[in-house]
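Shared between the two complexes below is subunit A, which has subunit B as its partner in the first and subunit C in the second.
Now for the complex of A and B:
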């Protein structure tokens, strides 16, 4: 059928055969198919947790996109996730407006505030920009509390308006986050092939060359912050609906750090499997360690270290597996 | 007539870095239809002059114009939009993009598909990308690199990377093409190919400026040569005139005793 399949010869190892068949598109397709049937195999609590995992994966993707296309690190992306989450929460709880209207608003706000943040910080790089994003993250909980008429302050808001009538809310919360994640991953994959995506990559590695061929550095910075902010807001939207509540505790500085940790664990990957890995680390590891009491930070650090080392040595492990497979 | 009107001109260009005068009031005229060489020893100010003309540096004094349009104050991207493009002394290809995609960036300034096409599989974006890819493949073939489009720059030897960068500069059919040491890192065969390509590119509409240390290349392709030393022009003229200029022989080409 495909070229990949026809190139397989009998003397190739099982591992090599699998690698040649498992193109990124095929892998993502299988993964999505598995995730679609997952709620029918797992219990309600796991469905809920996986919904949050998908939402966090979108946030991890937002941070990774900024690294991969902008060459910058953000430790304040909870600002954008809060924007998205409260767009959904306020419109739902205060005005009874469903996601059909509030998600586009969340995206618009995320992009707008990304651009508004990028303009004054357009000449900042590296640690200076990172610290500036930190200010955003620190400001978020206070801002939410001070706008308590709209945001509900410490108590937060409950998101209850159904998205698709007739489907149970548990299923809706799961599938909404999954669909959002797949759409965002698809859009980011398209970006890589586009003129704008290529220009952003050139501007990241050789700003002078990008300038010389018509791509302004300021345009590149503003564009990538706008895109990343928009995706961050979509993460917040998914978190709000899938988690059913929005409160200041979900958008602290530590949450911003966890998104960055997820991004590191996924090795700044932008594909569906990679961002799912990051999202799963952010969502599942704290839950798995919840019975460890005071040892939680220690075990969390060890898990993080283990994941990074595993990723670092993965090429060697793959080679070794390929050799073993060939011998057998 | 076109030669004169479509010229890239600089008048009284002066540039200093903290009290060190890098360019000392230079008057230059690069004419369409000619290949102009810019030579001089290391540190003479060639790349600084390049950077002033392309907008990377803003000279403290002097005016720069192309075809009568003033360019002072225009950033490099705006000059690129007017068709003024350059290559770099140190290869500046993006390692995350394939060779073809790197070359496609040379034509990106002419593309108009918007952000919606960047995220969604719309026909306009797809058509534009296919056209860009075709143009890039043609440019690569013209430079003798027909089979490297799908590779990444890091997979190519330095000489080929240099040619890819030149392909990126020429793919958009520029009106001013400024090449900063295009033959650096090329072997003899690649330099011969490059010479042929530059000759082929020369047209009545194109202003081509070449900064180069390879004297054989410069003398064989250039119609006029500017010789720069310590931020001042020492000589201007045809290759023959420059070759016979005693000041040039003394400061740059070496004396008879060296031969």
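Now for the complex of A and C:
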């Protein structure tokens, strides 16, 4: 049996890939069904927390997508979530416009700014993007507080206009985030199978081959940042609506790093269960450790390192295990 | 006449003090660039670790942990910085040779831990940490030069000078440059990549401690001050090209002067936004740093 594990023939690899496509679909379906009935089983506060989990999962997905398809790391995704959240918040609180108009606007703004930020570092090694996003994350709270006429400054904004009039607000906040998460996950799964997604992956893994096939690396870099920025803005939109308030406290530098930690904890997964794991980590850990605030960064740091080292040593351990079983 | 007055009374002092703080940003940036040049890792934990060691100096000299003399406290903090750098690199070194992206993310984890430890041990309070230097001020050509300015200048020049001498003339420095140029060829020639990486990480940590200790008297010491100081260092490194040590020095001074002019003439509230703008503009105009000719980009 051990030979099967070490030498994968082409046929087997196609088979495993097929089986891995089929099962995640089923698990995701079961998971979604379970999540749809959740509000009827849980109390109001848990429903609220789960809604936030879904919203944060979208943000984790945005960061993971950038790592997976772009090979780049962003520690400034709070910029995009803030962009999305404040487009919801400002349109709602200042102009009374509901989500039907503000969510598309958030998406548009996210994509546009993602492209704008990727542009200056289009030709360069990925670390330049990382450093730019570091500056971005540190600039976000400053911008929010200084545009207080629009954003409400420290006090923030309250999102109260219902998405579907007549439905209970608590349910709406929950289901809106869930639906957004499912849509985004589905779209990302389709992206993997699309021509664009393949081209992006090729440009990341084999740049020279991608050039030969006519995929420009600059295009790949910029478009993946645009997509990721757009998803980040949708995360912000879901956070604003599900969390009911938008305030600078949700878009600090640490929040940006926590999104990245969530992405690492889910092993940069793009499937619904993995993304939910990351989102739950980002949402629940601060709540569980809220009594001992200083332990939160330590815990996040340890989780980040633990996952990275696990990802590094796991294949080696597995190989050693199979070698031991081979001997015996 | 008033234009010249404002030039003499505002602009020159601003440029002077900007140069002084710029030297400190350069110290931070040099550490980042040294680490990046040889191990291709962007060390995001730099600021938080430097902040932790600055707090250690405070804790050891003020009686929070111990009441030692300032010099002994600095020495112990330096040792701690070296130990931390050694530990960080030892933990991530297997990952460094596999993926620079993953190891860059790992440094964020160390940054979080350093931040958390600082919070746990010293709390979120703001403390004052001064340098034991004589307080004097003199006027040179209309500029007010303080003892602090001179100390910073002397320490920065001495440190940076020593660094460049080590890199240019010692065997270790040659090994460092060889590995930065071509790690594979250097390894084939019998150089030990890891030991040179250790050298870079430890030197960077020491530079970070020196920078943090010198910057703290101008602000105050809190959990976030040194970390935000490092944003300036990152900006300096980017403007200098992230792979050039002289570039980092010039970038640091440029950032220091520009920040000073911006906060004085425009607004002190948008300093991070300004840095963001500066990074973006610099990446567009000099993609490989100010010392490189445009056109050599990797497309």
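Here, the second predicted complex is superposed on the first by the 267 of 328 C-alpha atoms of A that agree within 3 Å, B and C clash if a C-alpha of one lies under 4 Å from a C-alpha of the other, contacts with A are read in each partner's own complex, and residues count from 1 in each chain.
To be clear about the criterion, contacts are C-beta pairs under 8 Å (C-beta built on N, C-alpha and C of every residue); 3 or more make two chains touch, one makes a residue touch a chain.
Computed from a prediction, not measured in an experiment: that's the story for all the values here.
> Would you mind checking which one, subunit B or subunit C, touches more residues on subunit A?
Touched residues of subunit A are more numerous for C.
> Tell me which partner A:289 touches in the superposition: subunit B (first), subunit C (second), both or neither.
Neither partner.
> Which partner does A:215 reach: the first (subunit B), the second (subunit C), both, or neither?
After superposition on chain A, A:215 lies in contact with subunit B alone.
> With the two complexes superposed on chain A, say which partner A:206 touches: subunit B (first), subunit C (second), both, or neither.
Touch status of A:206: first partner only.
> A:108 contacts which: subunit B (first), subunit C (second), both, neither?
After superposing on A, A:108 lies clear of both subunit B and subunit C.
> Where does A:187 make contact in the superposed view: on subunit B (first), on subunit C (second), on both, or on neither?
first
> Now for A:198: first (subunit B), second (subunit C), both, or neither, which partner does it touch?
So A:198 only meets subunit B here.
> Please indicate which partner A:312 is in contact with in the superposed arrangement: first for subunit B, second for subunit C, both, or neither.
Touch status of A:312: second partner only.
> Where on subunit A do the contacts with subunit B and the contacts with subunit C coincide?
Dual-contact residues (subunit A): none.
> Quick one: which bits of subunit A touch subunit C in the complex? Just the residue numbers, please.
On the subunit A side, the touching residues are 67, 71-73, 75, 117, 119-121, 123-128, 130-132, 134-136, 138-139, 142-143, 145-146, 217-218, 257, 260-261, 264, 293-305, 308-309, 311-313.
> For subunit B, which residues count as touching subunit A in their complex?
Interface residues on subunit B, with respect to subunit A: 54-56, 75-77, 80-81, 85-86, 88, 92-97, 101-102, 104-106, 108-109, 111, 113, 115, 117-121, 125, 128-129, 132, 168, 172.
> For subunit C, which residues are in contact with subunit A within the complex?
Residues of subunit C touching subunit A: 36, 42, 44, 91-92, 94-95, 98, 100-102, 104-106, 108-113, 115-117, 119-120, 228, 231, 234-235, 237-238, 242, 269-273, 275-276, 279-281, 283-284, 287-288, 297-299.
> What residues of subunit A sit close enough to touch subunit B in their complex?
187, 190-191, 193-199, 201-202, 204-206, 208-216, 219
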